[in-house]
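Everything below concerns the one structure shown next.
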Amino acid sequence: MSDQLFAQAIGMCAAVLLLSAVLLVWRRAQAAALPLMSLQGLALASLVAVLGIQAGSRELLELAALVLVFKAVGLPLVLVRSSQGEQGGAPLINTATSLIAMAGLTAVAYVVSAPLSALGSGPTVQAIPVGIALVLYGFLLLVTGRHAIVQLVGFLVIDNGTSAVAFLSSGGVPVIVELGVVLDVLLVILILYVLTGRIRDEFGATDLDDLTELHD
Amino acid sequence: MTDTGVRIQLALLALAVVVALLAPVHRRALLSGLVVAGIGIAGVLTGWLALTGHAGRLTIPVALPFGPVTLSPAPLGGFFMLVIGAVGAVCAVYSVGYVHGPAASRTSWVALAVFLTAMQLVAASADVVAFLLAWELMALSSTVLVLTEHAHRATVRSATLWYAAMTQLSFFLVLLGFAVLSAEAGSTQFADLAASHVDSAASNLAFVALLLGFAAKAGIVPLHVWLPRAHPEAPSHVSALMSAAMVKLGVYGAVLVTTQLLVSASTWRSLLVLGVGTLSAVYGILQASVASDIKRLLAFSTTENIGLMFLAIGASSLLRPYGSTDVADTALVACLLLVMAHAAFKTTLFLGAGSILRATGERDLDLLGGLVSRMPVTSATFGIGALGAAALPLTAGFVAEWVLLQSLIHGGGTQNRILAITMPVAVGAVALTAGLALMTFVKAYGIAFLARPRSEGASQAQESPTSMRVGLVVAAASVLGLGLVPGLSVSVASRALGLGDAAAAGSGGIDLVGLGATLHPGPLLLLALVLVVPVVVVSVAAARRRPRRDVDLAWGSGGVRVSPRMQYTATSYAEPLSRIFDDSLRPERDVVVTHSSEARYLVERIQYRQRLSDVFESRLYLPVIGVIERVGAAAKNLQNGKINFYLAYSFVAFLVVLMVVTL
Amino acid sequence: MVLLLVQVVVMVALTPLLVGVMRQVRSRLEGRAGAGILQPWRDLRKLFAKEPLRAPGISWVQAAGPVVLVTSGLLLCALIPLVGTVASPLLTDDLFVVVGVLLVGTVALALVGLDAGSAFGGMGSSRHMTIAALVEPTVLVAVYALSVPIGSSALSRIVNARIEAPASVAAPVSLLAMVALAIAVMAETSRMPVDNPSTHLELTMVHEAMVLESSGRDLAWLELGSWLRLGALLGLIGTLTLPWGMAVEVAPVPALVGVVTLAVRLAVLGALLATLEVFLAKLRLFRVPELLAGSFVLALLAVTASYLTVTV
Amino acid sequence: MAFRDVIRLITSIGRIAEPAPPRPEVMADRPPELAGTVQIRHVDAGSCNGCEIEIANAFGPVYDLERYGARLVASPRHADVVLVTGVVTHNMREPLLRTVDATPRPRLVIAMGDCARNCGVFADAYGVAGAVRDVVDVDLEIPGCPPEPDAIVRAVRSVTGR
């Protein structure tokens, strides 16, 4: 596919990734957030697919399929079952401040990715700041989330961000590494899943503030 | 050759561990004691081999990134292995009879073996990594040993806390110093460090860090607080080992740094070492002279002797650029003589204290007394040890102090104003220390052994078993031996410093070549014996005519009830001193008078309580600990149980790292 | 070697006479007739004829202590160049060794005091050792001051240097050192400003309190030992201040001259000390450290002065 | 007194001690060791302090008992003669016995003054345990209440023989 088309495709996937993250934060990662998570997985899978097509390596395409299965379908499903339709509740800081914070984080992402983007030229390199921004947004979600579910979503966003950066900067990682990362993520999700279950049994809701009673 | 020696020691260590774990209970003390003594003797042999120039090289591949650990003792290291091995052997033989209760458990026997071997390895190590590994091993095993009697007394726990904190502080400082030094010199081998003559700003930091680290291990004054706490609480054979051998490794480090690794002509360094040494000598013996717990007294006397060694090192490095070099070499020889003398008499004194503790169950001098007739061997050996500690003629202590004084007075102050000031002050400090040491050990011996017993335990004291007596006699013999034949010890010390036989004379005496001063204790003793003959003859003649008559009461101006409580105790003995030096001892005295119920004018009981505080502790340590506690309290509410805060901390950290990497 | 033994024998004969002279001078100054110079000898003879007593709880130290004190006194007289300044190669007449031997006597006396097991013995011993501890810096730094011009602390070389250069005896450095040493000697041998030898009030005693329990020949040895120490130290000061007339080689005539000058020197110094004692009152025990601190500063000045004058 | 006054006093007065009276003959069975030198330990067993003043006079510059070889000592261990003054009261009976026993032999006990010899004016007082000879065996007695200093000097000289 021509370079120009390739650049547009990369730009499109990056934009979708970023948009989904922003919407996630905006909508306070409630139940409605879950389709946005699958959207993000989809965008990531398409990014990998575009790279695969451009580089013409079959391996990347298999990887894209893998990402699609896990990140677009698998993990959001687990999220839905563990949240059991529970409302997210107000995060620690109101939406306006979190949006401004995201703006700041984007600026930081661009500053921080300067050395990375100096490595080479081409559309993939320009998209790296988006990956880093995604990671920072995930962190923001983690920090400001009041419920265990939000933590889960934040963690997934970070994971998507890191894989995006990996793909964009080095043209993809070998399958084994990606498999390893995905399995780790699965493990974390399972742990968080069990944790939220226990919190809900204990306190009836997964409000993290209840945890403060646990200290001696 | 020395590598075989070190291998033997490691093999013996393994054997000791096996024996300690498997031997049946009633045989364990004897077997483990003998094996640990074997380690000591192997140490002595290896040290002698290193001294006589047969240095072999043993590399042990350790899975550390810094590569294999090399153990090849230089003559100086060999000297310290010899001293530590000898002390270890004597203490091990002594401990066979001494250990009882928790000290006879498997852990304390294993810890003892590990402790002795670790000390040997520190002296034998030829590179920074080996040194630090052995140093930490020594620190840990000695902490375990200090903890043996924690079930009996609550103070053991707090003492060990202090001890562990200070030893780890010392380890950190030594690590910091060596790290900076190796970074500067680019290698971890001592030989390369010495050859590289590092002399930059960082080397000053390295020098101060290493000096403070070794001073903390040696018990030099600002960092001495663990010594008077840990030694009384440890079992006696362990405190003897710690006091006579372990603190010497602090001195070994100091000598190593000032003479080989960081040689420099800057006067502020030698003045620092000299000042710290003088301060510890005077302050240590001052606290010892007013201490009434016998082991605390001996611990402070260790601080004093270590102070004298640092004073010798400081004087030698001060004299080298100004005065002639052989005066500086004599000062170093004096330092090593002090090491040997202190090892000899301090072992005797601590083992004696252990024997008293075992026989009477008392450690407080105010409750002892009258032991000279009940425990003849212990009192004789403790007496010889006390003579050595007080540096009286014909003992090892006197020889060491004599050589030190000779090197100070030949300081050649004529060339330089700094020397003209420091040398007299140093001689004054050494003299005051010697005077107070005399007072301390007359008090310790007189109150503990003479007159009538002041407590039940003291009146039923029995002599200790044979193995303890053997240990005591060997240690006391070494005090007299080193005193009567100083030529031998001087030649060993000068060979350790690589000066050849600079200062040894024929008939066992000393002839300090550069200074023209000679000391021959042999003929002096002969003359004393010649002079004592007529005195004894006249006494015997008079005794035949007028035999000694027993009376049933000492003369207390006619009083009828002469009870042991009317005798002087250690506290009252040192009361004039605590009054003269009250500004630095800060005694808190209170007198409680209880009147009799019938009439206010009749007094039933008067109680005199006196508590002496350690001014360094109250002025330096307590404020520092207070600050640390406040910071700790403030840090506590960082941990408030909210997950979001924790995530926020990591997020901020992540951002900071990113920013740092990019900028 | 012969000279040493001559010195010891002469000192054993002379020191009781020295004490006799001091007591005689003191009585004459107080207008009394005095018991004559030979009285100390008579006291000694009688004490040897009396039986020593042993109270319960007293150990062998009561008998051995006095013997050690006398032997250290005799050794002092042997080591210090009193009659002649011939240094024998093997025997070190180093000043630090002399101070060490002196301290052995002090320790023996203190232990005898402690062994008595009475309150007075302990009190005397504690005070005696405290004063000995504070005197030591003065003595050693004074020795240091004396050894600086010659570069060695061997007594014979110091005295020989003083004989060859009489001017150095009157130099400020040696005067300062001598004053400091004199104060130290008065403190060490328990003379008047520090301790009153003829006091009966037990609570004011220092030296006397330690010997309260000794009797018979033990007491005799203690007295003779203390007198020998006093004689030896006065002799040391005498030799250092008036070094003339001492035998330079081992021969009968110079030895005789040496003995005579020694006797004269001791008599003069003894009389001087006795007259001084008549005029001085006993210092309170806790003012003694000030006196010793003063003498220490004098000694310190002597050393720094000797360095600075040499450089200038 | 200033330094100068003491010197002027000494030089102007010179010797205060009176010339020694003729030597008395030595007392019977005096131990030969005490020839020429005697250490005296004074014990006040219950005296009215009159005798103590006379003893002080005897050792004072005028009579100067020291010139005959006598000396007052602090401890009976050092003494040869126990000089007992006053009657022996009940409280002082035990200490007197202790002091005499604490004196090494050969020793003498001198009872000084009429109280010591036969309880004198306090003969039948309630606190009196008896005269000195009822408690310890006495070797020499000095009569008088209080005895003249030269009586004391004569008694001591009869012991020292000087």
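Before moving on, here are some points about what is shown:
For clarity, chains are labelled A, B, C and D in written order, and residue numbers in each chain start from 1.
Methods note: a residue touches a chain if its C-beta (ideal position, glycine included) is under 8 Å from a C-beta of that chain, and two chains touch if they have at least 3 such contacts.
Because the structure is a prediction, the values reported are computed rather than measured.
A count of contacting C-beta pairs for B-D and for B-C identifies B-C as the more extensively joined pair. With centres taken as mean C-alpha coordinates, the chain found closest to the middle of all protein C-alpha atoms is B. Each chain gets one centre point, the mean of its Cα atoms, and the points for subunit B and subunit D are 58 Å apart. Remark: subunit A and subunit C have CA centroids separated by 96 Å (rounded to whole angstrom). Note: centroid distance subunit A to subunit D, computed from Cα atoms, is 116 Å.
Chain centres here are Cα means. That of subunit B falls 35 Å from that of subunit C. Residue positions of subunit D touching 2 or more other chains: 75, 77, 102, 104-105. Chain contacts: subunit C has residues 49-53, 202, 212-213, 216 touching two or more partner chains. Pairwise, the chains that touch each other are A-B, B-C, B-D, C-D. Partner subunit C is touched in their complex by these residues of subunit D: 3, 6, 10, 13-17, 20, 33-37, 39, 61, 64, 66-69, 71-75, 77-78, 80, 102, 104-106. On subunit A, the positions that touch subunit B within their shared complex are 92, 108, 111-112, 114-115, 136, 139-140, 142-146, 151, 208-209, 211-212, 214-215.
Those residues of subunit B lying in contact with subunit D across their complex are 549, 551, 553, 555, 558-560. Only residues 289, 370, 372-373, 390-393, 398, 402, 405-406, 408-410, 413-415, 419-421, 423-425, 427-428, 430-432, 434-436, 438-439, 442-443, 445-447, 449-452, 507, 509, 515-520, 522-524, 527-528, 531-532, 535-536, 538-539, 542-543, 545-557, 562, 564, 566-568, 572-577, 579-580 of subunit B touch subunit C when the two sit together in their complex.
Looking at the complex, you find that subunit C touches subunit D at residues 27-36, 39, 42-43, 45-46, 49-53, 199-200, 202, 205, 208, 211-216, 219, 278-279.
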